[in-house]
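Each structure below appears as structure tokens.
In what comes next, chain A is part of two complexes: it sits with chain B in the first one and with chain C in the second one.
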Partner chain A sequence: MFSSFMVNTWLAATTVAAIAGVVGFFVVLRGASFVAHAVPKSAFAGAAGASLLGISTLGGLGAFSLLGALTIGWLGRRGRHDVATALSIVVMLGLGALFLSWSAEYASEIYALLFGQVLGVSGSEVLVTVVLGAVSLLAVATLYRPLLLSSATPELAATRGLRSSRVELAFLLLVALVTTTAVPVVGALLMFSLMIGPAGAAQALSRRPATAICLSTAIALCTVWLSIAASYLSNWPIGFFVGTLAGLAYVAARLAAAALRRRAVSVERLGAAGR
Partner chain B sequence: MRALFEPGFFASTPVRTALVVGAIVALASGVIGVLTVIRSQSFSGHALGDVGTVGGSAAFLANVSPLWGFLGIAVLASGTMELFGVERRRGRDVATGVVLGAALGLSALLLYFDTTSTSTSGAAVTILFGSLFTVSSDLLPALAGLGGGVLGAVLVMYRPLLLSSVSSELAAANGLPVRFLGVAFLVMTGIGVSLSALAVGTILSTALLIGPAAAALRLTRRPGRAMLAAGASGLAATWLGILLAYDSFYWPPARKGWPVSFFVVALVLVFYVGSGSLSSARSRRARGTT
Partner chain C sequence: MARPGRRLLLADAVSTCPPGRHGEARAEVLALDGVDVWLSGRKVLSEVSFAIRAGEFTGVIGSNGAGKTTMFRVVLGLEAASSGQVLLDGESASHRSRRSIGYVPQKVVLEPDLPLRARDLVGLGLDAHKLGVPWPSRARRDAVDEMLAGVGATSLADARVGTLSGGELQRVLIAHALMSGPRLLILDEPLANLDIRSGQEIVELLAGLAHGHNVAVLMAAHDINPLLEVMDRVVYLAGGRAASGTVGEVVRPDVLSRLYGHPVSVLDVEGRILVIAGSNIQAVGTLEDDLGEHRH
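Moving on to the complex of A and B:
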């Protein structure tokens, strides 16, 4: 499991989990799960198109996740945001279906793009993943204050002169960047589980942003590490483990938060009775 | 006429089945879709379609029609989503996301079993992207029954559903069971999405649900009229899509036909963009006359 060809896998997956945990925090805070789901799906069409043209998959992924993010931003300005997101997803996927029917792509490769191909990551791919991951983290660090302010209290952000449309655009671009980094490793559909599950769990447990971000990253890392190990041992697709573990983490966190609240209430009552 | 309809269009059985299936799906999706857009539940609708992948791939393993898989899982998932997060809008968003994520993971496993246990490798593509031409005509009675059932349910619950969609506080003040209506509507959405997943595949099913409805709601504010318009434009998109896909058989580059799902989605988008320019032209004219 830790042999030399697996080192790349561990490195790439750890990077992806770290950025998914951090960016996922903002996704959940902004209630933008749908966007986080839509952009990776658009990217899938890009990968299909890239294989048709014979250019690099990463280029196709980048171009289409950018295109998807900008379409959501553009359509969302005029109409309902969720409708805009839904429509941009289906347009991109429709294009993906067309590209797939044109190219002689095998079903297994499509499957890998959708559900991830962790085993067999090459050295150059790891380098790209790590560099893009570092850029994403840097972007989050730069945007930290405005993102947090406009996500948590949009009214306050507006009074401080923060343009919400600009922050929204920056956020969409960030999601596109993270998508490009992660999709080659965990696949278009499961990038999303990794962003939502751990971050949702973290926010159920803590209301403080810094704590929640750390928790979310930690949960995402554990999810990915356990998934790689389980996938290596069972030979089942990694996406299955990522999806289920992320879901379980969320359910466990919700239950734990409810239990903590109950205990706090009963302690309070005891205190009141004692007085 | 010959240029428009390739020879043999109306004589082919798959085409005839596809036309009937497309009509049922478009009408049911149009009606449900208008309510989905009014309730701002596009994400739930989309998620139910994606979740259907689990059912579709399980049905593939069990060797039954994917429709039953779509239906079973959509009803199950809609219940889970309501159970998880109802208290706040953001809670609903995360709950939908988590259910969707877990379901996608499960479908990864089932599709993996599909591709390894059977000799056919196309399960993933068929379930995800669908094709109207592969729907078996044996399913027609069941499809008609489901589509009719959804339309009937909307008719029966029309007023309460609409009121609770526009303002849940007002509906609760009027003594309506808001929670029950929410669950019932989500189950109906599940059925509607399953139908359209059969037609255009699980990950494109959103197109028929949201596209025509959103276009219609840009043109009229009346829900009843919007439902009619959405049904009609959905019908036009599917039928034209079938025709174009049939005609595309000799088109470049592959000369094996373009996918029918692509045409349906593209036409839905064209209608949406068209409705936008129509409504803005109309409002310009209205401003000009006053």
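Moving on to the complex of A and C:
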């Protein structure tokens, strides 16, 4: 499990989990889970198109992520955001299906695009992942305050000269960047669960933004590490473990938060009764 | 409460500007001059002109749809006036000068499980537009604590913003808006959805800011009565037009009838004002009795 063959896997997966945890915090904060679902679908279509043309998969994937994010931003400003997002998913999945039917790719490659290929990542792929991951983190750190205020209350941000359309655009570009980084490793479907589950769990557990981001990253890392190990040992698909663990983390966090609240209330009551 | 070498917003305002109402020499903080606003082919505001000064509490009174929010959005630069101009400190409002306006919007929707404490939101009032990660510092924490204490929200500091009650949230939003040290604080219907007691507390807090700390407070409300005791000036909006002056100058049957384009009566019922349609109501001691000729 820790052989040299697996080192790249651990490195790439760790990078992806870290950025998914951080960017996922803002995805959940903005209530933009649906967008985080749509952009990786664009990436899937882009990758399928690129392999059909015989060009770099990463290039096609990045271009389509960007295109998908910009389309959602552009249409969302003119109509209902959820409708624009949903239609992007549908169109992109349709395009992906068309490209795949034209190409002579093996089913395993398609499977990898959707569910990831955590096992057997090459050295050059790891380098790209780490560089893109670092750029994503740097972007989040730069935009931290405007993104935090605008995501929590766009009304207040607008009065500070932070136009919500511009912050939205920056956010969509960030999601496109993270998608480009992560989809080759964890796949278009799993990317989504890794961004939502840990961040949702963290926000239930902590009321401090900085703590919640750290928690979200920690949960994403644990999810991915456990999934790789479990997948390696059981030979079951890693997607099963990532999706299930992300969901479990969220449910466990909600239950824990509710239990803590109940305890706080009963302690308060005891205190009041003692006075 | 002031320690040297630290940025103290409320305290600074007190020390640099002696308290006192109706200082005639005070400069105009905000002035609107003949502002017209068209929104989707409809004239929402027409020839709106008024000025407010530092240390004044001004109520913007009008029913729903009278154009209160639109007027604020024009002042904030979120909506463009088709003619007329907005002056801040005597100069035409710019992107830069508008950033120094404190604003509390009417509708702030906050999810209950938002991972943001009241102190985080107040802190963002200081530097939300800046890039980079805010490093926790003693000065920043003290400034936030002091502001929370100033609005009477110290006990709320560590609560999630989404779990605050209406009155509590208003205090925190006011603290957020004050963090940048604005000379003009605009509030859009802060009393909406508040119970009578919380509403009165918010009015007292705002009056203290205006009269004690020299902030120009401009506050929208659909009911004039909660503001009567503290208001220095009223801007009455109806039918897209505005009349401004002291309460006595504006809240009169003749002025309001002209504004509404329909005869109205102004009743004074034990110190409370009622504005009612129709001119044939026998007024019980109208305000006109104790007022001279109005200027408009």
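We adopt the following convention: the second predicted complex is superposed on the first by the 275 of 275 C-alpha atoms of A that agree within 3 Å, B and C clash if a C-alpha of one lies under 4 Å from a C-alpha of the other, contacts with A are read in each partner's own complex, and residues count from 1 in each chain.
Just so we're on the same page, a residue touches a chain if its C-beta (ideal position, glycine included) is under 8 Å from a C-beta of that chain, and two chains touch if they have at least 3 such contacts.
Note that this is a predicted model, so its numbers are computed, not measured.
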item: Clash or fit, chain B versus chain C on superposed chain A; value: fit
item: Touching partner for A:34 - first (chain B), second (chain C), both, neither; value: first
item: Which superposed partner A:197 touches (first chain B, second chain C, both, neither); value: first
item: First (chain B), second (chain C), both or neither touched by A:157; value: second
item: Which of chain B and chain C A:144 touches, first, second, both or neither; value: second
item: Superposition-derived angle with apex at the Cα centre of chain A and sides reaching chain B and chain C, degrees in steps of 10; value: 90
item: Chain A residues touched - chain C or chain B, whichever exceeds; value: B
item: Chain B versus chain C - smallest C-alpha distance in the overlay, whole Å; value: 7
item: Touching both chain B and chain C, residues of chain A; value: 31, 203
item: Parts of chain B lying in touch with chain A, wherever the complex brings them together; value: 37, 40-43, 45-47, 50, 84, 89-90, 93-94, 96-106, 108-109, 111-112, 115, 121-125, 128-129, 201, 203-204, 206-207, 210-211, 214, 218, 253-254, 256-259, 261-262, 264-266, 268-269, 272, 276
item: Chain A residues within the chain B interface of the complex; value: 28, 31-34, 36-37, 41, 78-80, 82-83, 85-87, 89-91, 93-95, 97-98, 100-102, 106-108, 110-111, 114-116, 187, 189-190, 192-193, 196-197, 200, 203, 236-237, 239-244, 246-247, 250-251, 254
item: Contact set on chain A toward chain C in their complex; value: 25, 29, 31, 141-146, 148-149, 152-153, 155-162, 202-204, 206-209, 211-212
item: Contact set on chain C toward chain A in their complex; value: 76, 78, 95, 98-99, 101, 103, 105, 107-111, 113-117, 120-121, 124, 127-134, 158-161, 173, 176
